[in-house]
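Across the two complexes that follow, chain A remains constant while its partner is chain B and subsequently chain C.
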Partner chain A sequence: MDGWTFLQQLFNGLSVASIYMLVGVGITLVFGLTGIVNFAHGEIMMLGAYALLVVAPDGGPMFIVGLVAAVTFVCLVSYAMERGLFRFTLKRPINGFLVSLGLILALQNGLIEYWGTDQQNVVAPFERVWQMGGTRISAERLFIIGITAVIFVTFSLFLAHTRVGTALRASAMDRETASLMAVPVPRLITLTFVIGGALAAIGGVLLATIYPISPQLGSTYVVKGFAIALVGGLGNVAGAMIAALILGVTEALNAGLGYGAWTDAISFALMIVILLVRPQGLLRGTEAQY
Partner chain B sequence: MIRRLVTLARPALMAVFVAFLVHNVAMAADTIKLGVLAELSGVYQSFGIPVYNGIRLAVKEINDAGGVTVNGKQYQLDLLTTDEKSDLREASAATIDLVSDKKVKYIFGGIANLAPIVMQITEANKAIYFTTSSAAAAQIDKTKYMVLTVPPVATRLELSAKGIKQIFPEVKKIAMLMTQDATADEMLEPQKRVLTSQGFEITTTEMLPSQGADPSAQLTRIRATKPDLIFVGSGTVPVNNTVRTNKEIDAAPRYFSVGIGCTDVQKAGLDRPFASNTYVGANIENPVTPKAKDLAQRYKAFVGTDKLTGAYSAIWYYDFVHLLAKAFEKAGTFDDPQAVLAAMHEITYEGVSGNIHLDDKNRAVFGFDFCEVANATDKGDALHIDP
Partner chain C sequence: MDLSATSNGRGLIGQTAGRTLLWSAAAAAGLLYPLLTTTAKGLHQGVLVCLYGIVVYGLGFLYSVAGQLSVAHGALWGIGAYVTALLALKLGVSFWICLPIAAIATAAFAGLMGYPSLRVKGHYFLIMTFAFAEIARTIALNWRDVTNGDTGLVITAPPDRLGPIVLNTRMDWYYFTFALMIIGIFAVALLKRSALGKRLTAIGENDLLAEASGVAASRDKVIAFMISGVYAGIAGTCWAFYQHYVNPDSLGSHTGIEFILMLLIGGNQFLLGPIVGVIVAIFLPDVFGFSPTQNEIALGIALVAIILFMPQGVLGALRLLIVRAGIVRLANKVGPDR
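What follows is the complex of A and B.
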């Protein structure tokens, strides 16, 4: 692999890692606070993508409207899911896992019923490509990397320096003690689901700008999202971010070296090795700070 | 009074009941059962639903024309259908039900990786099984009763190479981009040999780990070899992902694929020429021959739609239902699958997909339709190429 190909792969890998990050952090947030493994997170992501398809299928300036509409819609859906379903499973998180399996079928088949199983295409908001030596930098992927960086810097500051962020971290560490300290834990749980949904919606919108979308696409990303949440340390946002970067870049470099057929095998083998060496994840899970 | 009326009516009621029974038994005796394993739901439904509609249309046309005449007696075709939900277990259970329980001797359907399990059951029960599956095709030498409704691999590959030469005469160098699956395992090396023998240079072969995988890395490697065309392995998902991603990477100026409708790829924002062959017969979505155009109109009327998008798989078994009907008549029986199969070998059927005959391994031989478009909005061209 020459230098330009390496740079190309690194750039492509960072854009895919950004989407993995948005999915993985949403999963780890919900687990960290509730202990619920929400496998329907991939389908929530696809709801965001399809919302963009409805509002802004032709790209351009309407993309911003589509992004806001998708995030708003998915936040409302996440709120309804938490209030209507998941809050009844907090005492037995395994029930929440089972509920999420049912939601996968309901959401996927709902999308299939309306749009069918064929792929749908959203026109990207930016179609410029810059040539830098032997590397082609697309405006779409640069936008994905940039907006994800902004989101997570903002989110990290929110967690570290705001009352709500501090309350979230305290609740994740010890829900019972936090509630005894007058932290409104049930409201924070709802907020966590909504934030997770918002991140998934943004992930879905960004995914739709680089690939055609289909109702089944979310299943691929949720499996990787869970791997990322596990390897990062369940409940640890920073850990999930690092794990997403490792996965995305490893996949790209694997394929760049000519091992395209082995990409998934090598990436997941790496995840297994990390968990064998550090079973608690790269950074410790919910018993530690975010 | 009432008792008297009942006593008088009893013989008449008995007569009506007996006539009803006799009629139904006679109806059952005047039908030939065909079984269909249909993917009406699940991941394969986008292929399965048009396939099922194509079979139903063929059966309806045969029945409306008076059915099948065997030894001077007319029979209607009776279609027994199961939705196996694109699921292995369901397909297995449905096949056992049709073949063992309902004694159906002629089975259509069961796509892709479902077909080998169906084949095992139909072979054991000496039922003729019509399939397009590459996974089943790999085992054709072990079967006596399986009919492959797509041409042999060698014929398909030669037709693809012929198509590229005719549609893109300027192409000299080809890069292969395949998805790891049974089709690639079977077809990749033979396809490369055929392309090389036709004068093309294969610059590189890259593999995608799965249908939905990101192709950017593979396209980056392909770009370094400067090909004139990317031969993308079958599957709408990898083709669309490639088309979309190649707008950024710019690995090659044109594409070729197999078994994909051109309109499907245009929706992904195609910005450079693309051509494909139907892989399994006439192109119903963009029909070129008079027979294909006529079938397209009849299909639309039958299904009740004015759109043909995604309907290309409707042709997969359409001609073979008609071929089977002709074989019943020629063989003079429908109870003896061996005799029916022998009769099929003696027929060259003039179908919508052109002239169809079976080779010595029960594989259908016929030409393909090709489609070609320049970009997302081009109406495009279509042509038929015979082996």
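What follows is the complex of A and C.
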């Protein structure tokens, strides 16, 4: 791998890491607050991607409409899921996990029933490619990195400096004490599901601009999202962001070395290593026991 | 305490006449089923019920005793099937040798996966099992030299004869897998009453307390996971030979989710629960005329509904109905199971 290829893979890796980040942060937020392992998060992401396919399959300025429509739609679905299903499982998070398994079957096969298992393509909003030496910088990947950076800078500021953000962090640390301090925890849980859904929907939309989408893709991404959440420390947003960068770039460099088919195994290997060496994750998660 | 008294170790199968009757009826129905069904498809579904039944009883052991769920059982069953197919195709190993080897192989995989993740909290293990299932599918798809990619592997030869046991027709397979399942059910019941089973129950109730009382919780959980993996491996081996092919679809998280669903539909606190769940899941599409995709949607919705509305499963709801109607008077009050 020469220098240019390295740069190319680093650039591709960053764009993929952005999508992982969007999925993984939602997972870690929901887990941190509720203890629910929500495997249906990948299907939520695919709902976003397919919403874009319905509204704006041809790219161009319509893409903005598609993005807004996808995020709105998925936010509504997440809201309904939390209010209608997950709210009743808060006492026993294992039931939340089981509900999410049911949702995987229902949502994924719902998509298959309508679109089949074939891959679908969405035209990217930008088609330009800049050549820098031996590295090709495509506008849509640059857009992915840029929009993700903006989202997470905003989100970090929101978490750190607003009243709601502080309340969210407090509830993730200790739900009962937070509610004693007059934090409206149930409403925050709903909010967290909606935020997680919005991030996943953006992830799905961005994914659809660089790769063909298929209904089964959700499982792949949810595994990576959980790998990220676990490696970063379950419930730790900053940890998840760092882990997403590590995973995305490692995978891309690995693909650059010619082992592209095996990239999916990397997240699994990473999880095993973390569990053996540092069970609490890179940064400490919200459960302080480990 | 409750009708499914095996969980508290008071009886292997029956204390009351009612329960003996129930079990005899179930066993008789199982034995007579091939004579009652007229179509090849019906018999095929019977074999599937037994094969899935074996896996789900293994999974039920893990969940209802040790309180641990796993999405990896689809992958473990697939590993059993692939190990068998490779042994049979590449080395010409007999079915009867494949059976124990595949069982050992799945136990080994389960141990390798369980060891790092079961040392820490329960949800780490869940996440690992899901990832394990998806990775197993990816490997089966991509390691073409060995697994033949998404085409899968085809086994044409039937198993050799072993003494009086010949496995050629669907009828043979039905009785063979039925017998295996019965052995599996008895093994689960015995395991529950063993020292290991009691330690696992303690872990399932409260793992910290169990550890404080000197139970090596993580070791016992790994062992429980390996045992339930053996069930999946044995069923996978039979499935590979019965179905004549294995492909990556059978690995992955979907199969694992379906096993969990079968376990919960029936009600995992009941010894008859898994088989009831399997029967519902297998015959549901026929009853409603669903396509496979529609069936999966229906099963997904059913799982959500069961968790939210009848956490004790179909049998739990039925028992409640019978007790309320006063048909059966229980010696003790029906308490909430865990």
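Following the convention adopted for this analysis, the second predicted complex is superposed on the first by the 277 of 290 C-alpha atoms of A that agree within 3 Å, B and C clash if a C-alpha of one lies under 4 Å from a C-alpha of the other, contacts with A are read in each partner's own complex, and residues count from 1 in each chain.
Everything below uses one rule, namely that a residue touches a chain if its C-beta (ideal position, glycine included) is under 8 Å from a C-beta of that chain, and two chains touch if they have at least 3 such contacts.
What you see is a predicted model, and the numbers here were worked out from it, not measured in a lab.
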Partner chain(s) touched by A:D118 [first = chain B, second = chain C, both, neither]: first
Partner chain(s) touched by A:V16 [first = chain B, second = chain C, both, neither]: first
Which of chain B and chain C A:D264 touches, first, second, both or neither: both
Which superposed partner A:T220 touches (first chain B, second chain C, both, neither): both
Touched partner set for A:I272, first chain B, second chain C, both or neither: second
Contacts of A:Y211 with chain B and chain C, given as first, second, both or neither: first
Where chain A meets both chain C and chain B, residue numbers: 220, 261-262, 264-265
Residues of chain B defined as touching chain A within the complex: 43, 45-46, 180, 206-210, 212-214, 216-218, 220-221, 224, 236-237, 240-241, 244-245, 247-250, 264, 267-269, 310
Residues of chain A touching chain C in the complex: 31, 35, 37, 39, 85, 88-89, 93-95, 97-99, 101-110, 112-113, 219-220, 222-223, 226-227, 230, 234, 261-262, 264-265, 267-268, 271-272, 275-276, 279, 287, 289-290
Chain A residues within the chain B interface of the complex: 2, 5, 8-9, 12, 16, 116-121, 123, 127, 129, 136, 138, 140-141, 210-212, 214, 216-217, 220, 251-252, 254-256, 258, 260-265
Contact footprint of chain A on chain C as seen in their complex: 69, 71, 116-117, 119-124, 126-128, 130-132, 134-135, 138-139, 142, 252-254, 257-258, 260-261, 264, 293-294, 296-297, 299-304, 307-308, 311
